[in-house]
Amino acid sequence: QSPPGKPEILKCRSPDKETFTCWWKPGTDGGLPTNYSLTYVREGDENTYECPDYKTSGPNSCFFSKKYTSIWKIYIITVNATNQMGTTASEPLYVDVTYIVEPEPPRNLSLEVKWPKDRKPYLLIRWSPPNITDLRSGWFTMEYEIRLKSEETDEWEIHFAGQQTQFKIFSLYPGQKYFVQTRCKPDHGYWSRWGQESAIDIPNDFTMKD
Amino acid sequence: LPICPSGDCKMSLQDMFDRLVMLSHYIHSLSSEIFIEFDQRYAQGRGFIAKAINGCHTSSLPTPEDKEQAQQIPPEVLLKLVISLLHAWNDPLYQLVTEVGGIHEAPDGMVSRAKEIEAQIKQLLEGIQKIIGQVHPGANENEIYSVWAQLPSLQAADEESRLFAFYNLLHCLRRDSHKVDNYLKILKCRIVYQNNC
Amino acid sequence: QSPPGKPEILKCRSPDKETFTCWWKPGTDGGLPTNYSLTYVREGDENTYECPDYKTSGPNSCFFSKKYTSIWKIYIITVNATNQMGTTASEPLYVDVTYIVEPEPPRNLSLEVKWPKDRKPYLLIRWSPPNITDLRSGWFTMEYEIRLKSEETDEWEIHFAGQQTQFKIFSLYPGQKYFVQTRCKPDHGYWSRWGQESAIDIPNDFTMKD
């Protein structure tokens, strides 16, 4: 039997800079029942606080609701593992909520095959940004990626779309069903998960010559 | 993630001003939306704008009215004016949210936006206080207060007076939130970028 | 012969939030030589003033230089038409310069196809803000939009570029000529008209695989 192993804070993420969650990975338990607590100190504030909510985001996590989330203070977060033999603290993690945004994926994905006059058809993919405060005021930038694959293959084809909220795909297999997803990333933040999948059947005459 | 090698974690002024300006921009956008929606639905043809002249409870605040004036005022004084402007809206915004239900078919969007503005102004104030603490530690605390005494007219029995009271309040909120947004953008360029945004 | 018809104030616009101009449309002249004057009252000031400059912005206009321009103040503006038989005043126009800002379009639009090592090629679009706008002090904050279309289509594709003065376009028709324009608007105000058009030929191998 021994004191617990050193826990590790895996990551902290915020969907919209109004709340955030941290997750940790327990260390070894030293052969004894071990409890975990998350404590934090905020810049400019001497006090140490404990995690306000261990439940909302599931096991080994701490959820900071609006009430506990400030974009004006850096959080210094530590996870402590305690058993009968002692307590072991993780390395501290410094968190600035504005820099840990992992947004919700884009919304309103729409697919349309376009047939310009005498040109090759193409697939027009369009979407809307997720619902984030500052984005609506056009004040920070979001980048997007698209992935698509036909039902015949398992391999996704990924396209970087920069800041566009629409994208044209020219080369597709005619007569195939295609699945499309998009994801997004704020300029200093993390990629969202891939969003809702949409599907479209590419017509057989899709590669009409120029 | 921002690294705090020395453990002395301090948010940079640039980071803080970037956030301030995002919030103030957003607050004004919301204020504009509420005003325009109210104006189109309730104020057309009533000549309210003529009656709204000199009608803002914050008009006594010595706020600059053009670029030169704004650039001549010392930053800490301009920051204090911004705080005075924001504090002047604590009570009116609270009453707006409370009383807006009294408007015939008040659109839901108005109430939710007013609440959102209230919440975002609190965020903005927190940020400004922090910046003042960093840029002008120990700056004296005296602040100019503007009294808002238009609650009775928000609750007036006759509809015309009540609608005008709302119009005037939203007109002034739009104006003052634009002032706050503009002043913070100037301060950001002055303090963080030495007037070279 | 009769007193002049009622003149009409068409609009007032400020290109830079520091000066502004109002334009009016004369009414009928009643068969007599008719003179026009513009007078205004400014919020917080009891006096009535006359237009400081009838020349700078051309006929039937009044230009307010910096000296005469305040923002967050309502101007009550009236145009008066006078001939021997009398004077007729326009309806008053209530104007706050804060909300009439409409800039000149962006300048120096440049287009370039870029071939980065590890990514697909893209079209880099760059521009400069309009000349007379002071963006350095923060008094004026500008946002931009781009539109482009290939010579084969009538439908413009529009992209919001936020405050950046460049934008990357990733999905374009290979082998096509594209036309590009940009416009701008203050953080809170009107869009400028679309600026000078530029064109570029997209190479045939533009959609090289990732």
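The letters A, B and C name the chains in turn, as written, and every chain counts its residues from 1.
Basically, a contact is a pair of C-beta atoms (placed from the backbone, for glycine too) under 8 Å apart; a residue touches a chain by one contact, two chains touch by 3 or more.
Nothing here was measured: the structure is a model prediction, and the numbers come from that model.
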Chain contact topology (line, ring, star, complete or other): complete
Most centrally placed chain, judged by C-alpha centres: B
Between chain A and chain B, centroid-to-centroid distance (C-alpha), Å: 33
Rounded Å distance between chain A and chain C, as computed from the means of their C-alpha atoms: 39
Distance between the centres, which are taken as Cα means, of chain C and chain B, whole angstrom: 27
Residue numbers of chain A (touch at least two other chains): 139-140
Where chain B touches two or more other chains, by residue: 25, 29
Complex interface listing, chain A residues touching chain B: 43-44, 70-74, 76, 93-96, 98-100, 133-134, 136-137, 139-140
Interface residues, chain B side, partner chain C - complex: 25, 28-29, 32, 49-50, 52-54, 59, 63, 65-68, 70-71, 175, 178-179, 181-182, 185-190, 195-197
Residue numbers on chain C that touch chain A, as the complex places them: 119-120, 122, 143, 150, 152-153, 157, 159-164, 167-174, 176, 207, 210
Footprint of chain C on chain A - complex, ascending: 116-119, 122, 138-141, 157-171
Touching residues (chain side chain B, partner chain A) in the complex: 1-4, 7, 9-11, 15-16, 19, 21-22, 25-26, 29, 120, 123, 126-127, 130, 133
